[in-house]
Amino acid sequence: MTDLVTVGEATLRLSPPRGERIETAGTFDAHVGGPESNVAVATATLGLDAAWLSKLPDTALGRRVIGDLRRHGVRTGVVWTDTGRVSTSFVDRGGPTDSTDVSDREDAAITTTTPDDLPMGAVRDAKTLFVSGATPARSETLLETTETLLDVAGEADTTRAFDTRYDATGLAPATARELYDRLLDRVDVLIIDEADAQAVFDLDSDVVQAGHSLRTRYDCATVVITRRRWEQPTIGLQGEEIYEVPAFETALRDPAGVHDAFVGGFLSGRLRGDDVKEALTEGVATAALKRTIVGDTVVGSRADVAAIRDGRN
Amino acid sequence: MTDLVTVGEATLRLSPPRGERIETAGTFDAHVGGPESNVAVATATLGLDAAWLSKLPDTALGRRVIGDLRRHGVRTGVVWTDTGRVSTSFVDRGGPTDSTDVSDREDAAITTTTPDDLPMGAVRDAKTLFVSGATPARSETLLETTETLLDVAGEADTTRAFDTRYDATGLAPATARELYDRLLDRVDVLIIDEADAQAVFDLDSDVVQAGHSLRTRYDCATVVITRRRWEQPTIGLQGEEIYEVPAFETALRDPAGVHDAFVGGFLSGRLRGDDVKEALTEGVATAALKRTIVGDTVVGSRADVAAIRDGRN
Amino acid sequence: MTDLVTVGEATLRLSPPRGERIETAGTFDAHVGGPESNVAVATATLGLDAAWLSKLPDTALGRRVIGDLRRHGVRTGVVWTDTGRVSTSFVDRGGPTDSTDVSDREDAAITTTTPDDLPMGAVRDAKTLFVSGATPARSETLLETTETLLDVAGEADTTRAFDTRYDATGLAPATARELYDRLLDRVDVLIIDEADAQAVFDLDSDVVQAGHSLRTRYDCATVVITRRRWEQPTIGLQGEEIYEVPAFETALRDPAGVHDAFVGGFLSGRLRGDDVKEALTEGVATAALKRTIVGDTVVGSRADVAAIRDGRN
Amino acid sequence: MTDLVTVGEATLRLSPPRGERIETAGTFDAHVGGPESNVAVATATLGLDAAWLSKLPDTALGRRVIGDLRRHGVRTGVVWTDTGRVSTSFVDRGGPTDSTDVSDREDAAITTTTPDDLPMGAVRDAKTLFVSGATPARSETLLETTETLLDVAGEADTTRAFDTRYDATGLAPATARELYDRLLDRVDVLIIDEADAQAVFDLDSDVVQAGHSLRTRYDCATVVITRRRWEQPTIGLQGEEIYEVPAFETALRDPAGVHDAFVGGFLSGRLRGDDVKEALTEGVATAALKRTIVGDTVVGSRADVAAIRDGRN
Amino acid sequence: MTDLVTVGEATLRLSPPRGERIETAGTFDAHVGGPESNVAVATATLGLDAAWLSKLPDTALGRRVIGDLRRHGVRTGVVWTDTGRVSTSFVDRGGPTDSTDVSDREDAAITTTTPDDLPMGAVRDAKTLFVSGATPARSETLLETTETLLDVAGEADTTRAFDTRYDATGLAPATARELYDRLLDRVDVLIIDEADAQAVFDLDSDVVQAGHSLRTRYDCATVVITRRRWEQPTIGLQGEEIYEVPAFETALRDPAGVHDAFVGGFLSGRLRGDDVKEALTEGVATAALKRTIVGDTVVGSRADVAAIRDGRN
Amino acid sequence: MTDLVTVGEATLRLSPPRGERIETAGTFDAHVGGPESNVAVATATLGLDAAWLSKLPDTALGRRVIGDLRRHGVRTGVVWTDTGRVSTSFVDRGGPTDSTDVSDREDAAITTTTPDDLPMGAVRDAKTLFVSGATPARSETLLETTETLLDVAGEADTTRAFDTRYDATGLAPATARELYDRLLDRVDVLIIDEADAQAVFDLDSDVVQAGHSLRTRYDCATVVITRRRWEQPTIGLQGEEIYEVPAFETALRDPAGVHDAFVGGFLSGRLRGDDVKEALTEGVATAALKRTIVGDTVVGSRADVAAIRDGRN
């Protein structure tokens, strides 16, 4: 039985060596990233059985993407297609010039994914399904497919986890709000960044208050709120309980994928039977490890995360 | 006064280090290439005044492209736009696995270029205008723009040079034939590869015969035929004269852009007042230098070409 | 159902950049190689379902090895252990200084592998089992385990393929002969290099004669003889039929793993239902592709092999 | 009409990869730097029309230098010569071992530059002329040429900007003082570092006081004083007005060229019509961007500078 | 006359580029390190005559090790052998993921070194002999050889310096304590880290107290205690005198070998006639330089150390 | 007792990665080369005791040069100076564009070397002294110093070997001829390339004839003539005996230093007691190994050379 199934897009991200810029770089380092694939990698790195479902063109680039995820131990279920592209993105990594990001995501193969493309049995058999807001925001087809995924999971008692990832949707706040409204009633575990809560849901007062508001509105069992600044504690709400877990201090080498590493760590904890507070701790420790690694995904082992979590690092 | 004006698209070409493949490469070398930009670089490298006109998105990638050409001494006239992409291509370089080439050219900024986007004065003031078949094949808009360019050049007594580059059009033979039929009557110097003559014009017998046939059909002053295999002599026809110039032997490090280097060398010779045979020799020597260099364009100086041409290498 | 199951060791091979030597290299490129893992990668690259079974230490190096194979699409069944090492080898790649190879294989985790460590069900369920002589030569334990593997496969009607790979055994000819004598009666498909036939079996006359002799002695359904020199045809014997398949010409960038790529290609052909001659052709085309790639394994797709096989390259 | 004309030397600077030292480095990264070329690059990066005039040997190294500047969009006016060298410098970048700098600047081609070598029309047509103390300090010939340049600019109402850059002169304080005394009366905009003011002009009390003193002595319209430490505000004096502009906080990846980036930003602001305070802000924002980039020059666009200036970074 | 003779093992240490991890790195940087070789390099870098004695296999890897040390100016006296390995270690460098270190040191050639293998005349002629606890901990043979070395040095009035380096012994505290008890009576200068004093000798109260205790117990002329944290002062005890020398602040690029650089600097100071306090200062300045350099050894010159020591950096 | 003492200059040679050119390279590989240092490295690599005497500036670059030679096992005797430079050279490596070489050798520290700078005892104690024509051609001072070196060696019965290396002198033929006339009477073993014999001595007929002519004119015991083309046999003359030794076929990766590797191999053979023919064979085998290695010097061991010589490679 699969622990975690994720469905989404992975982008080939090309970065100049540190300290150079896109304008003058003669070489680019290639990494594969995406909210759902990053979460799957984190979960597999922590020793669980994670799968990623997607649609890719049958080209060397498509194979490049899938090989990268397999390398991290993620099982992959991919529909190969002759139409559509692999999304690419040129991005500076690390430091104050991170603003440059030339994304090239039009006509990606993923945008035409229908429920028939996906092995729904894998969703039914999984303990948890994870999707981020980036996936349904890619196309109306994908939005409908996401609705079906959540419905199928719901019927099969597969836990449904959803991360708003508003920054990755490319949508205006009102449009994003509509999208979330169509989906969040079907979600068990909602993860949302403080910034998303403010931008999309106008919840800019207290983050705990915001969490309660969201939990009530969409009737989610659990709400997790990540924070703008690393130093601030991550918040978890379940029933009437509120948990606050502070960050671990590590050197920041690459901010890419740190949020997703948290999500992967948190879901892994829950899958192993941790309570919400323990799972939040596993999440922030996984995120702390990711910060020290260049690329979009966490690399290493559960022991590395434990070393940070147990203060041995 | 500009010696050569070219109009076309330049692609960011990303290649794995030699001996690796796209599927597993962790880094990609970046080079900028395109028929017209390659020809402009060769001409500038040989010491003439060359310009490249195009349309690019106002992003770091757009600046990456233009900076690369400027570095080689090409003057650039670019319309910056907020829509459209920089074309990219993932390509293996050198050796028998060259077949892999994942191109990504949809929705490129260049495809919407109208005559109003281009500084027609620069075309009128140039001694020679160069366009390849790759440019008009990109969109109906660009085909019409190419017609206008050739007309403007014709009125201004600017020599009109055209390279079929059928392999870069992505068109079916019949469609390409129609495209060439709309343009070639307006051309003074026609450059065509032996393979194009066969595929598009069914001229698969003798190449000299093929050249005469094309010269007559489109009433071009000069026809140049490049060959499938490096060892075969390049053919030039002018009036009733036929010239055959054999290749120079050099090590092949990267086949990309060798044909374009020939064109740049040939046009440079003509611009300096060489007769057709001398210009063909300049062309094959420039191509021979390019073969030894990794990337899409020839790098060095007129002295390097002369060293090959005069057998000192 | 798995198409191919292989059991063996994979070594982390560290190579100076081309043209440098171990004595002065400041960096080393890392590749993972081994007869059985190379064959599994080739088979997976050709689109079949291939698995590799082994024993590895639970360290970052062990994860490095398994991640590399997974990247190529090989499924892995690994027993993690706290004792024993990952074998390493420092090796020059390409050209006349290839002789330098500092191997470091003592006390590798693999040497203690018993049948209980391996999922025998996977062997029973596979269509073909592949082992090379390098595996049983590692330790008496592994020799006995190999006997058990072949017996289990025999009982389950899993085709048993064996490659002598005498060069990888590190044994004296007489010792190797004894080892092969203990195993080859249980083998259906025997692959042997011309040099092995001479060194171990004193069969230095005609290679076809040598093949017949081996086929008779060990009662193998099929015998394949690879050759010392690339230009010579590979030989296949089945029943009274003799097949000779010439090599495809490609540039040699790295000789490592070329023989194993042939084996993977040949077995893939057989698994798809090719007759022996077709399968030999698939093998030499796969080997020809490998020659152009730096590293121990073939990278790409079945289309790349087909391009070489069908002369389109 | 050119916005900014600069005249000076550019050095090929070779640096070990970060964390290695000259003694053991097997490769060196190459960057082109010089006070005047760095200022020209910053100005061009900010979207203005900047030119650099110099004298270079007609070698591959000379072409290396000019190609680098053209890549950044700087127009170049270079006299090619058969005598003299390209200056080189081996330099560690970043961190506490920056002290190592093996310069090799004897017999550089630039040292023989006379007014006849330079296109004086370009100076007359420019809005601003910029030279640093490094240029006249290279030779008596260059000192006289600098006097002529300032005189020509003065007659043509071209604004004359001068940066003392005492650290780049290699002169003793008294000799430098004499050199400045010969030039500064002809300068409109004087830029001087706090350290120079102390070492050469004995103005070690209050920096504002020092600025007033220099403004009065040389009758400059504007005096700008940069600071020893990044945290301290940059000072500008114009008439009786005093402006203080604090630095923007960014990560320091390479201190090379940060001062020159400030100068380019400040002059760009003035050329666009900014008042002194706004131009100082543009300068410190440009310098803040440069700090994050490895190499001698700022890379990016005006939008990147604006992002820092407007606090969006 | 040799200033310093050291006897020990050097390991080939392979590290992923900064920000990558062993699991995914495609290349590894190679450095040579070991307590005694690091000390010898630091001493040679500071301009003294240092030698390193060891036993290595006669392979390209063995030559790799010795060439690296010679490059730094260390004289080498090596017994070449056909048995035994070069120790290797895969290690992450810099930052919070430093915990990963896959060492592979079994059956190293060094472990069989007997007194007959070593040129004892070199020990007698040297001013100082240096060994760390890592050497005798490698094998009983090496422990006995170390005893002989210390005895020979004692008879020849060669100063005997010893660094506990408990972290490099791989021993349990009690076993290490026995080992130290067999050796330390023969030692003149004892260097010990605060952490070793606590773990092995249960001296966890005041470090000065710990130093006195050790000095009395083993009757050493000088005891030096290095600290857990960089900010804390290093302690020296000689007779009744106590010296405390604070660290110099430099950027930390690689913590490897910083302790050994201190030892080399301290011993160099003593060899030049510095008093204990001056020598401690030379030590912490040398360590401060090492921190900025990637690799196991300090690179540069005595002037670089002086620049840090004299506050000019 | 030293086997071989050489006196000369070593240049820091900076090369773009293969396939790039100086004009566009972003990084340069650094190698140290020079006729005498290359010969010393080859001799040390072959297991003999070789020393290199020179004069270098006391900078990081000077240390870079000496560290490189020490790494190869060459002992160095260097006078450190505060004046003069390290010679540098920017050079393309491999293939048809090798012609580009931007040398920068003015004012090198070596040019002021007097006999007092050199440890003449080392020359007297050596079995063989080697100098090439490149050294005396650097300055009149060095010419006189070379005369003294040869005289001192002659008095001490040290064999005097001299390689004309006309290509490295930078002199006109007549000037070179005068220089050689001042030195060659004092030489025992003369090594000269066929091209030098023709250019300087007008000996363009038969190479054996040329050898006899030179041997007679300068009364050398042995004359060795290397050839323009690799395929041609190297010629040795001693007394009336003539020896011709054909080349070994290896892949050419870098032609730099191949001639010097031959000289080192030949002199090593003679030092070990080989007759002229055996020594010539050692020379061409050493040269054949060098061809496969990027850089100026041969790397490896005597076993690598033997593998080529004995046809095992």
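We call the chains A, B, C, D, E and F, going by the order they appear; numbering starts again at 1 in every chain.
One rule holds in what follows: a contact is a pair of C-beta atoms (placed from the backbone, for glycine too) under 8 Å apart; a residue touches a chain by one contact, two chains touch by 3 or more.
What you see is a predicted model; the values in this text were computed from it and never measured.
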Remark   = Going from chain B to chain F via touching chains takes a minimum number of steps equal to 1
Request  = Pick out the pair in A-B, B-C or D-F whose interface repeats that of B-F, meaning over half of the contact pairs match by residue number.
outcome  = B-C
Key: Equivalent-chain rotation between chain B and chain A, CA atoms, steps of 5 degrees   = 180
Ask   = If you list every residue number at the chain D and chain F contact, are more than half found on both copies (same) or fewer than half (different)?
value = same
Ask   = What is the distance, in whole Å, between the centres of chain B and chain E, each centre taken as the mean of its C-alpha atoms?
value = 62
Query = Using mean CA coordinates as chain centres, what's the chain B-chain D distance in Å?
reply = 39
Chain centre separation in whole Å, for chain D relative to chain A (CA means) = 46
Key: Residues of chain B engaged with two or more neighbouring chains   = 18, 21, 23-24, 26, 60, 63, 67, 71, 100, 300
Ask   = Where on chain A does chain B make contact in their complex?
value = 14, 21-30, 59-61, 63-64, 67, 85, 88, 90, 100, 102, 104, 106-107
Task = Please name which positions on chain C make contact with chain F in the complex.
result = 18-21, 23-24, 95-97, 99-100
Message = Could you list, by residue number, the parts of chain E that touch chain F in their complex?
response = 60, 63, 66-68, 70-73, 300-301
Query = Which residues of chain D touch chain A in their complex?
reply = 18, 71, 250-251, 253-254, 288-289, 292-295, 299-300, 304, 307-308, 312-313
